[in-house]
């Protein structure tokens, strides 16, 4: 088939490199699903007749957690978009590292639900645990990104021609920053105040959203 | 890779513009998931032996809410389809605006479930709250579309060659209309009668379905 | 963009016809999601310590319902695959008819869950209602297919060149058969015996699976 | 349409073979959804105020089951990726066999949830049943792969030109091994010790992950 998704039959001078098309499609699917699944955690509150509005207003924490996680997955998707544009092929190892990256995104609905529950039904101890869990998940999520960049740095043959290994090396700073700052937010939430920790997480996500390694910066480089 | 989804390597005279392929695939995924997730809210009613049929018949409001929201998401998808056909590329800002558009679609199952619950188990106050919430969500959902058209109007370089900025400007009327009329339906539902508000919402969705900026009108313009 | 998903810019002598690519992608997404969502209805049974196995064995009806519906959606997907291969473009009306076809697929998890519940926890009356509901859903699901073929028959310009309008007309027999035979199975289940009705439904799905308007027959026609 | 997903109109000397594009897209969708749906089984534990952390720590078995199944579906996806690269077309029969392969992946969340439940709330008998169920599912899942390779071996015309029927024959060993070793793990879990059986399953998945018929080995063969 001339346009098979894997392009195996295409004349390709650097034939050892396998196509990223299906990895891209799979990743896009996972991000699209996880960003949509978040809504499942928004449940109709239990209510007595005539008290639905009160019930809905009492779920403010769920809505906030939903919005924060929606933006977070949006950030991850945009960054992942930029990440896959760096490479012109994949290997089995890189595919597994990418599955690690997706793992980090896929679990988000769980700490989101824990967060929403703790700020709706829990006390300060519960909120402490929930914020620490969310920040821990966010911090650990940075690890496979670090591994991804490290692998690319050691395998420059996988890079698109216009991407310098130097550039990849500097990119490693981003997940390192995430690992440290999300980690600090978690410690802040656990030892000082859950609310402060939560604010730390939200500031981090906002920062990533605004500076995200999205399309335009990338394009101006070309 | 010659057919990489982002076309970065393709000769492209207006190279600063980034491909919309992955944004399209991601958006399609989100719409496909959210239109399918609606069914999760259709639950087998609790029933005593021999009373399943009675239970099912008592869930009429859920079925109506399901159908309305299915049509609504269908409308949104067709409009989004037409929207992305206006542009030949995206930027980081536009990608975020698009995530805002998707946000509006992703939340629909929640007000749908609230609506179904209020008309099955609630009293007039609950129905009032549920209709107002649904209409509010529908009205607010128009905002990112407005921002999308406004951004395109200010960045005509992103438009397909055959699309005039003038056309984009007139398109801004559509979300403005949605914002106002869904808002009015909500007020109607809240202050006058939930049923009237609900009818207002259904009329609006039907109107959008029939006049939706779908394919054919668009095609005859070419 | 040279490979934009809508191909709008592609030189196309019969330019008034719009691409089906995004409709195909959206439909595939919906089928993939709904066939996967079925598993959500398989729940771990409530059990006392040491009685998990007994609980699992008591859920036999759920497993059967899951398998039947999985095969059913598989049949629908293969038929839809063949359906979209008949056409070389779509219109707004046809897109809405296609949404009707997808509607029929999307609801399947609900009658499936009702069926599983009735045969696990219900009595004969409940099973009667559940089988009738499933058969009714299957029968009604045939309607948009009928409309689809009818529309194609009246708009032969949308057909692929190698497809004769005559062929489309004969294809209308398939949904008519489905409508009648699923309807009869429902009546059988309601008035005679739920088990007989269920067998009728399963026979119909199996028949469709074996004779499905899949790829090969189609290909040999070329 | 020049780039229609099915490529039917493409000049293709071996025209009887139908495209695998839509089968690939559908399969990718199913794998992406099922790997993401796993997270739905991670639920916020029931807890009294102040005991959320204790509750979360008590769910260790759920997290382990989640990770194991995530890796498992990752393995299946990579193998499926390699599988579809062997072929240059499909038939109705092969599409049904592929649906069988997908069936095996789609059910995974169910034995995963049973496993998590048994190791959190059950006694040894429950764990025995859960491990045996998981291993049984994994063993049976190998069957359609075996059928897939057998069918390819009998229909070499479907193979990509560079793939020898001999290679396909040797590949049949992989699902046979899976069938036997997962089966043995199940027997081990049932008759000897649930923990030993579980370890057997995890070892098998790890082994498959490390040796998975992924991209690179495949590429070096070219």
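Going by the order they are written in, the chains are A, B, C and D; count residues from 1 in each one.
Basically, a contact is a pair of C-beta atoms (placed from the backbone, for glycine too) under 8 Å apart; a residue touches a chain by one contact, two chains touch by 3 or more.
If you want to know which protein each chain is, UniProt gives these names: A, B, C, D = Potassium channel.
Because the structure is a prediction, the values reported are computed rather than measured.
J.: Since chain A and chain B are copies of the same chain sequence, what is the angle of the rotation superposing the Cα atoms of one on the other, rounded to the nearest 5°?
T.: Between chain A and chain B the superposing rotation measures out at 90 degrees.
J.: Would you mind working out whether chain C and chain D touch using mostly the same residue numbers, over half shared, or mostly different ones?
T.: Shared-number fraction below one half, so different.
J.: In whole angstrom, what separates the CA-based centres of chain B and chain C?
T.: Centres of chain B and chain C (C-alpha means) sit 24 Å apart.
J.: Between chain B and chain D, what is the gap in Å from one C-alpha centre to the other?
T.: 35
J.: Touching at least two other chains at once: which residues of chain D meet that condition?
T.: Counting only residues that touch two or more other chains, chain D contributes 3, 17, 25, 29, 33, 37, 40.
J.: Would you mind writing out the residues of chain B in touch with chain A in their complex?
T.: Going through chain B, the ones touching chain A are 1-6, 8-9, 15-18, 22, 25-26, 29-30, 33-34, 37, 40, 90-93, 95-96, 99, 102-103, 106-107, 109-110, 113-114, 117-118, 121-123, 125-126, 128-130, 133.
J.: In the complex of these two chains, what residues of chain C are touching chain D?
T.: 3, 7, 10, 12, 19-21, 24-25, 28-29, 31-33, 35-40, 42-44, 47, 49-53, 56, 66, 70-71, 74, 77-78, 81, 85, 88-89, 160, 209, 212, 214-220, 222
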